[in-house]
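Dumping the structure here so I can ask a few things about it.
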Amino acid sequence: MKKFALLPLFVLSLVLSSPVIAAQQADPAKGLFLPGDVTADLAKIALEAAVKKAREQGTLMNVAIVDAGGNLKAFCRMDGAFLASIDISIKKAQTARSLNMPTTQLHDAAVPGAELYGIEVTNGGMVIFGGGELLKDQHGTIIGAIGASGGTVANDVEVAKADAAAVLASFK
Amino acid sequence: MKKFALLPLFVLSLVLSSPVIAAQQADPAKGLFLPGDVTADLAKIALEAAVKKAREQGTLMNVAIVDAGGNLKAFCRMDGAFLASIDISIKKAQTARSLNMPTTQLHDAAVPGAELYGIEVTNGGMVIFGGGELLKDQHGTIIGAIGASGGTVANDVEVAKADAAAVLASFK
Amino acid sequence: MKKFALLPLFVLSLVLSSPVIAAQQADPAKGLFLPGDVTADLAKIALEAAVKKAREQGTLMNVAIVDAGGNLKAFCRMDGAFLASIDISIKKAQTARSLNMPTTQLHDAAVPGAELYGIEVTNGGMVIFGGGELLKDQHGTIIGAIGASGGTVANDVEVAKADAAAVLASFK
Amino acid sequence: MKKFALLPLFVLSLVLSSPVIAAQQADPAKGLFLPGDVTADLAKIALEAAVKKAREQGTLMNVAIVDAGGNLKAFCRMDGAFLASIDISIKKAQTARSLNMPTTQLHDAAVPGAELYGIEVTNGGMVIFGGGELLKDQHGTIIGAIGASGGTVANDVEVAKADAAAVLASFK
């Protein structure tokens, strides 16, 4: 058993002495993400705008923010909001970012016979109805995306657009 | 292999002496699930109501019960019932709970061109035809859901509704 | 829209008039499963034996029964039992049946350097610790398997063995 | 495409007039989640406590909160935090809740030869090192869990414990 008893310490010391971790302790985030990518502060602005809009609507939303790389940055589910919308809101944001367009635009394009019919089964599941919108900075550069799910599609689109607008406004 | 021989006993004694397990031995379920969630007793009532209704119909059903969190609570497959319906019945129950509505309501909403077209590929697969119904208590709070699969959709819906009614009746 | 309006009725009539469904209405299960396979009645005996044993132990179990084909036949989760054990109990039963041995036997065989090292990542995840046991009839024919999960591994093994014994006893 | 043009409006009006949605507009969350489950307000407290602790540590964390059913409730990733930790933090929280114990307790139990060796491949992947902690209310009832990932395991555990403490303190 001795050999195993030391393993955790050994691994721990490896990790602690790695250059990445050492650098993080001086200035944790330096060099670790692209300048201009959606930040936690922006994600917070987006989530708050979403919840505010949902309350105006009387809806219960799941809201997901992904960064420019399509990776989850922030998420919240309002009390009582659909459990199904955890996945749907995340996938809406990922779909919007990965195709660089609002998911609303996929709705007609993915019906039988239309150009992208069947696209929804790629990428582990894409969402082809509205509620995913792009996040852009003041120069129009895509910095991430938002997905909202919890009401009618019209509700979801309105929430996602309110988020994107709040993020854009924060640059001005 | 000798060096491993002592480990299981060692770990076992660790586990047995942990506060979590100790508390469980005094009162096993205390604090481990939210009051009001569907219980094993209620699930049994639901399964029995399902089998009774299926026998009246002359159908062979798979029946799945999930709790308020959408996690499988109980399941049974009648002799000769469809193997495909194992997954379908579980997903019907999870779909109903995760959208807080009977799966029948998704049937029209998910056809090509309709609002939720494509929703079935989210969440690892949702079921968009009838046979998933919500389980509610006497106050109308959602405590879980049931999925029935094995006959025509009309059969499945009838079985699932009979279950939900049996659960509701048990509160009165 | 007309074209779509008729579709549900059309499909329904197809289903209703299919020979399979028609046969089911006369004698629903005839020809639909192998003689000797685990039945719903046997599964019920197994689940009840499991719950009885768990109560003696003061543990909270998830118990899954699979048939000779490795397909889920019945499942129950006691109130407060681990959510993780939904999947673990089902996989224990499937592992036992798919290798025709109790999962306890995999424990030593799957450690690094042993013969089956790494087997647990096949089949979408196998369980390589105890709690999966075979169900056999009076002739020793494997008719299914049981997986129990919720206590220590020793607890789980005891519950699964009690189940297998109860099923075997029911043949005598 | 004309023939589809009317469908969305048609379905939308169906949805808007459904009793479920109508009830939601009066009191959106009524009956839709079990009383006592982790709320969005509690999740926010947990995320803020996590970020505060991470800043003290000089680490960059991903933090995930799941509810009593193991479903994602809230998530944030600090700028520059590991992308791998999106999944790890979510799975840490789900692992803790689904086994009702901190993930630290799995570390020794899952080494080769120990009792739960191989458990990490079940449930679509569990995390067997520290950083997942339970969230409890003032009565000791489990109301969810938190997963923190981004530093050394010791960092992660410290962050997760700070979160759990902040949630518990909010009840007093």
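As written, the chain order gives the labels A, B, C and D, with residue 1 at the start of each chain.
Keep this in mind: a residue touches a chain if its C-beta (ideal position, glycine included) is under 8 Å from a C-beta of that chain, and two chains touch if they have at least 3 such contacts.
Because the structure is a prediction, the values reported are computed rather than measured.
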Interface numbering overlap (same over half, different under half) for chain A and chain B: different
Name the chain whose C-alpha centroid is farthest from the C-alpha centroid of chain B. A
Cα centroid separation between chain A and chain D, in whole Å? 16
In whole angstrom, the CA-centroid distance of chain A from chain C equals 38
Centroid of chain A to centroid of chain B, CA atoms only: how many Å? 30
Mark out which residues of chain A touch at least two other chains, giving numbers and ranges. 83, 108, 111, 152-153
Chain contact topology under the given definition, line, ring, star, complete or other? other
Which pairs of chains touch each other in this structure? A-B, A-D, B-C, B-D, C-D
Residues of chain D defined as touching chain C within the complex: 3, 6-7, 69-70, 95, 97-100, 112-113, 115-119, 121-124, 126
Per the touch rule above, chain C residues touching chain D in the complex are 1, 3, 82-85, 87-88, 91, 107-108, 110-112, 120-121, 125-129, 152-153
The chain B residues in contact with chain D across the complex are 1, 3-5, 7-8, 10-12, 14-15, 18, 20, 30-37, 67-71, 100-101, 105, 108-109, 111-116, 136, 139-143
Considering only the defined contacts, which chain D positions touch chain A in the complex? 1, 4, 8, 12, 15-16, 21, 24-25, 28-30, 32-33, 39-40, 43-44, 51, 58-60, 69, 71-81, 83, 86, 107, 111, 151-154
